[in-house]
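Mind having a look at this structure? Questions to follow.
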């Protein structure tokens, strides 16, 4: 049976997560001897439902979702790797808003009250001394809707990913208020992980190891030679210019999960941060071992060796 | 004509009981994360009603829903009458009605946001956009199916075109229009949720988004059930109207 | 009865021209590429048709759509006939039809995924779920509006209940059923897109999601226009059927 | 007139024997052949408002197998309702209706010509006439044959493919007549079947009907407003009046059959005509319940 | 019978003068008062298949203001179509129809009793009768008054609040009659308006109609299948036949008015009756185009 990997992107995304698509198209999975099939769904909740329904073996989901499911005892999941720890969020605003200090009193698009993007925005703004409560928050759901509302001039600023920003065809009148680096510095939170059920972990452990191996190998290759990514993405996304990929590749230079993307320290921080959020009201915090499985990554690193610099593999 | 409603009510209760049993079984089979068991939903309902979350959300959604629906009726009914009564207009516009119908609502959302923003007006537009077509198409068909003999009689009695409309075609189309209203009312309810998801998130649609995204399935189901009950309530209201309109269907004479 | 279609076609062309002009103006006003200008969409269309993306997506969506619609007809038509013909059944189930109608489709999606997965079966179920209700409710109303005098005549002529159904009530309900089919067909098309968005992403719905999420509005509009054209095509097909069924409406004798 | 030929070229069904009709009060079945006292068969229509109209009351009659009974009575007195009771389309509120020895069940063995025709608008004249045969499962070829002959008999051979909306009033009525006759029923219920026909066509249709009736030995209940027609056709003329007493008079017609046109000028005929005209006049102008009391 | 009282207690509209009706070929307007040669007015109905039925052909007639013309003719010969042409509901394919000096426009000044009644099913008898008044904007109080009187006249005072489905055939017909009369029209088009009435009620209605007609000095076109009725009511009887020549005979009736019941036995009446009966018989049994050629 093929190993079905559920992704929440409809085509290779403009973030390091794209290694999952590229590993398939560039034959990395094949070379590890695993027959991977990508199952594309719209959003994380659907990915979870699909996983639960046995429509896939592994899913790339939001950390908040994984934590909620585990903490509420609804679904036993284990994160085994994170091809793209952060989604490179940033805050974009209308030109008229010169800096962060000008934000209070203006409208700010969020997903919904209690969503991850709201929590992150709050933290980033707090780091710059701005109280989110002073803003007029407008709940708008999906990232694309937020971007569209910004472009249409219906809101003054919002958090979006660098990928979303890059795809915006016409950015005149808008600018980047908080760039991805400053954003991540203020809120160093892992946003997405690949999870499997314990059952898959025992029954198809070899396949899981092979998948993680393929992802790590590709990440290392790209980290070594960004042109691999630029070329592959250029082929997959003809709608964007090569220059876009080049600048994105430069931004992502230090972001490839060359060691499997699982850092105990980062994950613990992420969990703590999440449990403080509104969505987690009434949930008891759980330990790392309840939702992360390091053994797969360790097995891969044992075989491939640990890469220095990027992506700390601390346990 | 409809006396002795007791058995019908009894049957309905039986259906409800059967549905609850199926639901309970489904929750056992699917696992309670996907389908919460009835008692969990019941508890959640008590909590939600207790802390007032629901009232506020329902009131906000109802405001949008009712306004949007009235807008849909105010547009769909006269347009359907004109399309049905003036064949040139009807046959010219007919394909465009269908094109509009077949276009996913979400395709219009960017346009609506640009033109109307994210608030009340945008939302009622989404609701009206969904509800208008069943009303329009049913009215249109109702008028086109008007009794040609009665129309001729009215003309012979001196009815001007407007009078033929209001005295013959409109009441004659009542059964069609009622179906259109029923469909429009329920589709409008769905579109209220869509509107609340795709423009500024709020109301019952907002609750659905929150509970759905955080996998709180019990309160999620409470909201779904509230929507279902609203659907029933609106349909029963329409049935009262229908029963009044149907008084003349008594039997068959001569 | 309808001769000399030329003016109608002319009017339709005029409406198309008017719509394109409004669209163009809107694209100028909205700016920032939220609404692409007609030439951009035209170019995108040429590209999409050129590289075959569209054919594949359309074929995949059409397969789901047609199967789902047939399923909806296979369920909605007989259910509507039974509900209309056996009053106890109709009056018992009536509120549940409305409840089902008023419940957002997306609420069912988790259940559907659990039971049917993400593939073909799940998708046609979503399509059928959306299309079944207009068909059912219109059929139901059509049967309830059956001519009591004709039914009595048929009974007098020895028609068994099944024959009263098939020879009097069903053909008598044809105008209602045609409206139901029209609404069901277009709503089914929308639900095809919904299904393709909420289960495994593919087909025209998948293209909409991709283009929409990445702000490629020109190809996005191409897909929207294709959906609109499919809506028109289906409606025109239904009109052919309708015209055949309507042959007897010739004028008014005696 | 050329020799009369039955429209059923070869019969593939056993014609049922002519049946008697009993219209009696409840529980009186055992008395039916012995006791002919008028007893109450009754039918009222309720309105949602609570008021009821009694259409047939205090009606009791038995009709022998093969008898031709015509019914006269003022407009709105309950004639149509009576036929619907006999057909089994309505159930009496009191008393009973028995056809043969059973409660009547509508079917191909009873032919009903409705006052308002009740043609199926989406079916051609041909299909309307063949409707009963279609229901009974008679195969299309045979059906076509019978229908064609019946359409010829009622003078509509050329309009076989016309829809009801294309037919004149009298043409519709003839289609309705042909439809009722198509299944060769043993009981004929005819509600003013010739009201929309001109005098000459009406006479031709009367002759057709009498031919079929006498050949078939059918039992016929025939509502008409023409006193002359009532006498010409009937073995007995029943005169109905408005409730509370629907059955007012039974006049036996002893004129010899076949009755030719000349019978109209015979003294016996004229006496009967004057008697019946007087009865009906009295019902309308001398009954204080009549809306035309003291008028006309 | 008590003294006849008009159903319009006080008239608030100016009764229009009785109007002549001209049924003529195209372009012949200037000839209309001088030249009465029969000329072709024509109406055909096309079918999608391509065949056409000619309902009225070669018809030419002028009717004087205040004249009462009755029309006799075999079933399906085009009588109803003629009335629809005169009412302006149909446009002739050839020739012209002129009422007064204009192409006819349907309206409250022409009353049409349809052969199939055409009552509004969702309106009570009362509202059906008042329909023309409602359209003309007559205020409710006055409308109620007129409607109540008319319902009384046609014997339906007690059924004012009944819906058509609750009325018998004859009652429906009387509602249709009252509706046509309610606007006090100067032209009456009556299509077998008494076909569903019993002999006595029919006589009462005939008298009512004649009263209204003579008081109002209306022009009446009255289709009937009863030869006696045609003679009793008419100044002239027009006999129609099937196309290609719709107008077959015009028989002036010179009997003195008012015509009482006794006139039926007068030799002049009997002679006219026999003449007309013979004409119609000939139309049906001696015309090779008739479906009943050589029958009856």
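Chains here go by letter, A, B, C, D and E, matching the order in which they are written, and residues are numbered from 1 within each.
What we mean here is this: a residue touches a chain if its C-beta (ideal position, glycine included) is under 8 Å from a C-beta of that chain, and two chains touch if they have at least 3 such contacts.
In this text, all values refer to a predicted model and were calculated from it rather than measured experimentally.
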Given subunit C and subunit E, the chains that contact each of them: B, D
Most extensive contact between chains (C-beta pair count): B-C
Farthest chain (mean CA position) relative to subunit E: A
Same-residue or different-residue interface between subunit D and subunit E, half as cut-off: same
Between subunit B and subunit D, centroid-to-centroid distance (C-alpha), Å: 49
Distance from subunit B to subunit A - Cα centre to Cα centre, in angstrom: 39
CA centroid of subunit B to CA centroid of subunit C, Å: 16
Euclidean distance of C-alpha centroids - subunit D vs subunit E, Å: 28
For subunit B, residues contacting two or more additional chains: 34, 110, 114, 148-149, 152, 247, 249-254
Junction residues of subunit A, two or more chains touched: 49, 52-53, 148, 152
Numbers and ranges of subunit D residues touching at least 2 other chains: 45, 47, 80, 115-116, 165-171, 196
Subunit B contact footprint on subunit A (complex, rising order): 43-45, 48-49, 52-53, 65, 68-69, 72, 74-75, 111-115, 138-142, 145, 148-149, 152, 154-155, 279
Subunit C contact footprint on subunit B (complex, rising order): 2, 7-8, 11-12, 15, 19, 26, 30, 34-35, 88, 91-107, 110-111, 114-115, 133-134, 137-138, 141, 144-145, 148-149, 152, 175-176, 178-179, 182-183, 185-187, 189-190, 193-194, 208, 220, 224, 227-232, 234-236, 239, 249, 251-252
Residues of subunit C that touch subunit A when the two form their complex: 30-34, 109-110, 113-114, 117-118, 197-202, 206, 209-210, 212-217
Touching residues on subunit D, where the partner in the complex is subunit E: 1-2, 45, 47, 53, 72-76, 79-80, 115-116, 152, 155-158, 166-171, 173-174, 191-192, 195-204, 207, 225-227, 277, 280-281, 283-285, 290-292, 294-296
Of all residues in subunit E, those that touch subunit B in their complex: 84, 87, 89, 106-110, 112, 114, 116, 118, 120-123, 131-132, 134-136, 163-172, 179, 183, 196
